[in-house]
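Shared between the two complexes below is subunit A, which has subunit B as its partner in the first and subunit C in the second.
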Partner chain A sequence: MGSFASEPALRGHGKGLKQGTWTIVALAIGPLILSYGIFLIFPMIYAFVMSFTNWNPVSMRTPLRAVGVANYSELLFKDPLFWTSLKNTIYYAALRVPAGLVISMVLATLINSLRRLKGFYRSIYYLPVLTSTVAAAIMWNWIYQPRFGLLNSVLASLIGSLGLQVSGMPRYLMDAKMAMPSIAVMSLWKGIGYDIVIFLAGLQGIPSSMYDAAKVDGATGLQAFWHVTVPLLRPTIAFIAITGVIGSLQVFTEMYIMTQGGPVNSTRTIVYMLFDQAFVNSRFGYASAISFVLFAVIMAITLLQRRVLATEWAY
Partner chain B sequence: MTDRALAPTKTSRGAWGQFALYIVLTVGAIISFAPFFWMISSAFKQPAEIRAYPPVWISRNPTMDNIIKIWGELDFSLYFRNSLILSITPTVIILFTSALVGYVLAKVRFPGSNIVFLSVLATMMIPYPVTLIPRFQMMIWFGWMDSYRAIIIPGFYSSFGIFLVRQFMDSIPDDLLDAGRIDGAAELRIFLQLILPLMKPVLAALGIFQFMWSWNDFLWPLLILNTQDKFSLPLAIAAFTSENIVDYGATMAGAAISVAPVLIVFLFLQKYFVSGVAMTGIKG
Partner chain C sequence: MAIAGALVAACQPKVVEKVVEVEKEVTRVVEQEVVKEQVVEKTVVVEKVVEKVVEKMVSDSPLPWKYQPLGTPNDGKPITLTYWDWHAPRVEMMERWFRQYTDMYPNVTFEVTTIPWSDFWTKTKASIPAGQGPDIQYFHQNNHQTFVYGGLLEPYPEELFPKTEILETFPMTAEWLGPDGRVFWIPTGAMTALIYYNKDMFEAEGLTGDDIPTTWDEFLDFAKSLTQYDAAGRVSVSGFDVNGAEAGNTSGVAYFMWKNYGHWKWDEDYTRPCYAQQEFIDSLQWVVDLKEKHKVVDPDFLQLTDAFAANMAYMIFQWSWYTGDLNLNNPELNYGCRRVPTLTGDFAPCAGNGSPDPQSIVVPVTTPAERKPVCFDLIAYLYSNPDFLVDNALTLGSPPTAPALLNHPLLQSDESIVAAGPQSEWVMYTHEQGSPLALEEATKYIQDGIFLSGMDVKEAVFKAQEESDRLTADFIKEVGKENFHVAEREYRHADQITFGECLM
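After this line comes the complex of A and B, so read on.
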């Protein structure tokens, strides 16, 4: 579509653009190009060039010099922390994105088939989206607190009321195996409301005649979900999957506030590593190399995803 | 519009099905809401109740001590004011720039307009860590460290905002604009008097989003601001929390206070909010 709907309004207004038209175009586009040039394009090119140097903004004693691909080869071949961070980041995305997709799609479908109170449920699930990561992290640090945190208190009283005994309660953020899944759960809590609203918008686009047809064919609710809802939501699913992966691969603040990358580096992510190298060790060149490797990883995964999401369901 | 038209299931099982739906969704809603409830109720709890087992959901003897404490120790009104400045300024600027650029890209024909739009879309693909470090260096060059200029000026334009407005303008018929042009109105006047009022729904949605993002922004202000008096609310609360990690009542009160403004904005402008989120999902 697009091209027809956005057919320019000025068509047929004589020869070329009028004076006033040029004024508004210049006012709109000129400063935009200037701003993006200075704060987006220049920094990106600059950082790429400087990722081949020993760029260090603090040290006056070490003069700036080119180091070739040393930053990249150190990162990929000599820095075990990079592979740990990469693995952790992908692990986080693998936990967060599919679970979020499934939960939000199911909840949105359920909300959509309500007769009343749709708006109420949508709002309740949306509330966590409004919370800042800082506030959410403070809340969940307390929920996950092993001794008197909310989760273990509730668990203990549940187990107690069943008359069972337990030896040790889970330690969540303090356990190297559980820390990342725990953060992913918090992030799910904080994020699904947004995806639900997007799915609800997608569901509005499915004509009810599709469901009627499915029912005539004798489909149950579950079959209708699987054979009507899911295929027709494909563009929405692709949108949420792709933006979800891009966002997850850049995760940082949650770990910075909740675990500081621990225990034993189990929640250290790529951006966390970049943050440390840049703003703790002042190795700007090295950190820039990290950022471009991350960029490449994101591009590769996004392209792969696009391909998979486009072909898998093509009829 | 009847109920039947809305509901895909309307057989005799329908009533039971609806009942089951409400049960499932309510359980989910309770899980979703519990942390919130816990944060707000903890803000009013006595110290003993905070660590009580089994957990105390509603204080029997609510206290304002936590709020008074964090307000006193943190000079909340200052951070509140800082956060308002750091959220409202970029929001107003981005609303104006997105409206102008989005309108021009949708409705004014000029050579290269498609290239500009595609480039704006392409910038949305750039991950923020790529520009984080060089921007930091630039702020040092410009002498903008520890200044609000570093937070506000680089963010005059929002690709997301431009995209949103352009998509919205596509749905507005050109005849409306042509009427203004035939009257001989200048483009700028058409924009200000005719277009801006039409954009109210999309600008409301964008405004709420931008306000929320700016209000909750953490990493960039953390890198830029050093003087405590200039901190935004999330920075102040994060700093307070790391120093008073065990004072859960006060940190919960702080978190609750920091969330409140966005919640209030949401409650008042809910319908725009929802339509705004929906607009982002239109095109992947």
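After this line comes the complex of A and C, so read on.
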């Protein structure tokens, strides 16, 4: 009887609690959803719609009109620059991501194995991440200056000290073949610290008992790295590879500052092309179409990567 | 009675309160009147000062167009105008003149923003249509097509800028009128390219600026004779550095020389620019030979401005805005200026192509209506003021376009203006930058292809032509032929220019 008497009160209490929870939830995520909607979702939908128009906000005399899929067909079938830019972008990603992954994993493992100065090395490698990309790009422009730049001066000294003749030093950013790898090297220097920090976090999550077991089984340091560290870092590797590819496919600032897409379009990337079309040529509709094609490319590559790098938990 | 007494007693304080309130109100009104009178007095004083300043400016001015203020800007209410510019020396000058305007009209103040050239146009193009642009901004003729024909600029009002007087004062304005023949901006300075030379280095060789030849052939020999090499045979001091990543230097020399041949770039009905002219190929080859055959500069040598500032180049080719830049950033550098050579030494039929920089402040169409009159009053005040125009010319190294100022003593003592003066008369302005993609792409093939990637000159020019044809056609189709404007046919010596043979 007593229990029957208390039931409505409990129900009411439960209902009240539910309402309160909803209010808290709404208050907590409402502003986020609102800002997300206003600053991300709405512009995305707007850009998608505008990608089917001749949108040119700069020309106030050109009326806005729908052009169907003309922007997409021009981009995919008529604009050779798009395929050059796409090829360059993929080339950059292919240079930057695997190299970044391997170097940062090795460096993180080395730093993790240190007994002292771990924080010092982590900070040293992380410092370039904190540097502005623009400042770093300008500095690297000078490092790469063929005649008076630091890199070639050091190279010339080294070659000279070996008693060899210097003929034709690399021209880095001025050479269509070397420009993209040169930018990728600069980008590695700039971004590797971030990957190292992520790998260090991943490494610290590997139980030491795994290494002890490997040691007991007679594994060498390299075998332990290959058979313990690498498999257990697979989620971290997947994360860095996926975010690295996404970031690389959106690369822009380095090219904008260092080469302006040259020489002869050899460093012109998709986002650079998008920027040019929107802000130089005022073809915002066409630029919107480029952004959605890039979105599709990134989506496809990311899905593929997720499939290939799908995590199989080993412990 | 008692009740009445109680009522009176109850009402009494209210009456007193009312009386006090009325007294306060009277005091307030009286004080306000006093303040008003003071304001009126001050306004009258300011207006009298302004009248005197303007009177003096007008009476002293040799310009046909005179400033006629519309009255106290913004009815004396405080107003802050936002101003955007990209060129540091000019910003410094403008701030000086803004302060002078504020001295005249204390209610008008300014908020100045400097945006680097590389971002300036992307920022303005994105901001103005969104209504987030400045009230006034600096303008460059490169964007004439986009801004004027795109409807982004407010035309200058006739009452402040009577067209007849404007054209009489600044004849070059006729070349830059917008749709319906309206004035959207005034080219107050005629910028051109110059040969900058290092006076100290010349002196050390026993030379002066007058020794710089005026024909390209002689100039080449002269530059060769000055160039110095290190033990490895590389250029250590360049006789004439043309290295540079941006247009206006390496290929800029060739564009400039190309005009000496006296051919139009665009076809008769302005549908196609022709880069594939033998004369352009020859001009580009001259620059290639300068580097590869004559070794006056190595492709790996420092860029021209870096080399010049480091005393590692005797001469460079640069636009005259560089004068202000040098004065601001390298005040210790002892430099001089001379005209750019031509094929024959004469300016006729054309001294060079135009990427000049006729200077002007403009008012974006999105500037709030109540602010526009103040903006235009400021522009009228500045551009009708000979002192401003002289200051402007000296800061930018550009001869003024107002003929009445050409003999100004201050300008006559400035070497860059003296050097630029006669040449400016023979410079052809081309502002088809409404099709920037076509030009950009064409320039990229020429600049990067030839000078960075060692492409054959003819091959690069043909490739550029191919790209230019495709993109120009698309662009004209998109904006409409009626909205596409090309200026080269406005060249003042048009009778001396012919159509060249297009090889493609």
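One rule holds for everything that comes next: the second predicted complex is superposed on the first by the 282 of 315 C-alpha atoms of A that agree within 3 Å, B and C clash if a C-alpha of one lies under 4 Å from a C-alpha of the other, contacts with A are read in each partner's own complex, and residues count from 1 in each chain.
We take it that a residue touches a chain if its C-beta (ideal position, glycine included) is under 8 Å from a C-beta of that chain, and two chains touch if they have at least 3 such contacts.
Just so you know, these numbers come straight off a predicted model, no measurement behind them.
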{"item": "Broader residue contact with subunit A after superposition on the shared chain, subunit B or subunit C", "value": "B"}
{"item": "First, second, both or neither for A:Ala108, with subunit B first and subunit C second", "value": "neither"}
{"item": "Which of subunit B and subunit C A:Val97 touches, first, second, both or neither", "value": "neither"}
{"item": "Partner chain(s) touched by A:Ser282 [first = subunit B, second = subunit C, both, neither]", "value": "second"}
{"item": "Touching partner for A:Val251 - first (subunit B), second (subunit C), both, neither", "value": "neither"}
{"item": "Subunit B versus subunit C as contact partner of A:Pro57, first or second or both or neither", "value": "both"}
{"item": "Subunit B versus subunit C as contact partner of A:Val271, first or second or both or neither", "value": "first"}
{"item": "Contacts of A:Pro146 with subunit B and subunit C, given as first, second, both or neither", "value": "second"}
{"item": "First (subunit B), second (subunit C), both or neither touched by A:Val185", "value": "neither"}
{"item": "Subunit C-contacting residues of subunit A that also contact subunit B", "value": "57, 148, 275, 279"}
{"item": "Partner subunit B, residues of subunit A touching it in the complex", "value": "2, 5-11, 13, 17-18, 20-25, 27-29, 31-33, 35-36, 38-40, 42-44, 46-47, 50, 57, 107, 110-111, 113-115, 117, 119, 121-128, 130-136, 138-140, 142-143, 148, 150, 153-154, 156-157, 189, 193-194, 197-202, 208, 211, 215, 221, 224, 235-236, 238-240, 242-243, 246, 249-250, 252-253, 257, 270-271, 274-275, 278-279, 284, 287-288, 290-292, 294-295, 298-299"}
{"item": "Footprint of subunit A on subunit C - complex, ascending", "value": "121-122, 125-126, 128-130, 146, 149-152, 232, 234, 245, 298-302, 365, 436-437, 440-441, 444-445, 447-449, 452-453, 455, 475, 478-480, 483"}
{"item": "In the complex with subunit C, residue positions of subunit A that touch it", "value": "54, 56-62, 81, 145-148, 166, 169, 171, 174-176, 260-265, 275-277, 279-283"}
{"item": "Of subunit B, residues touching subunit A in the complex", "value": "3, 5-9, 17-18, 21-22, 24-25, 28-29, 32-36, 38-39, 42, 51-55, 97, 100-101, 103-110, 113, 116, 119-120, 123, 125-138, 140, 154, 156-157, 170-171, 174, 177-178, 181, 186-188, 191, 212, 215-216, 218-219, 223, 234, 237-238, 241, 248, 251-252, 254-256, 258-259, 262-263, 266, 270, 273-274, 277-278, 280-284"}
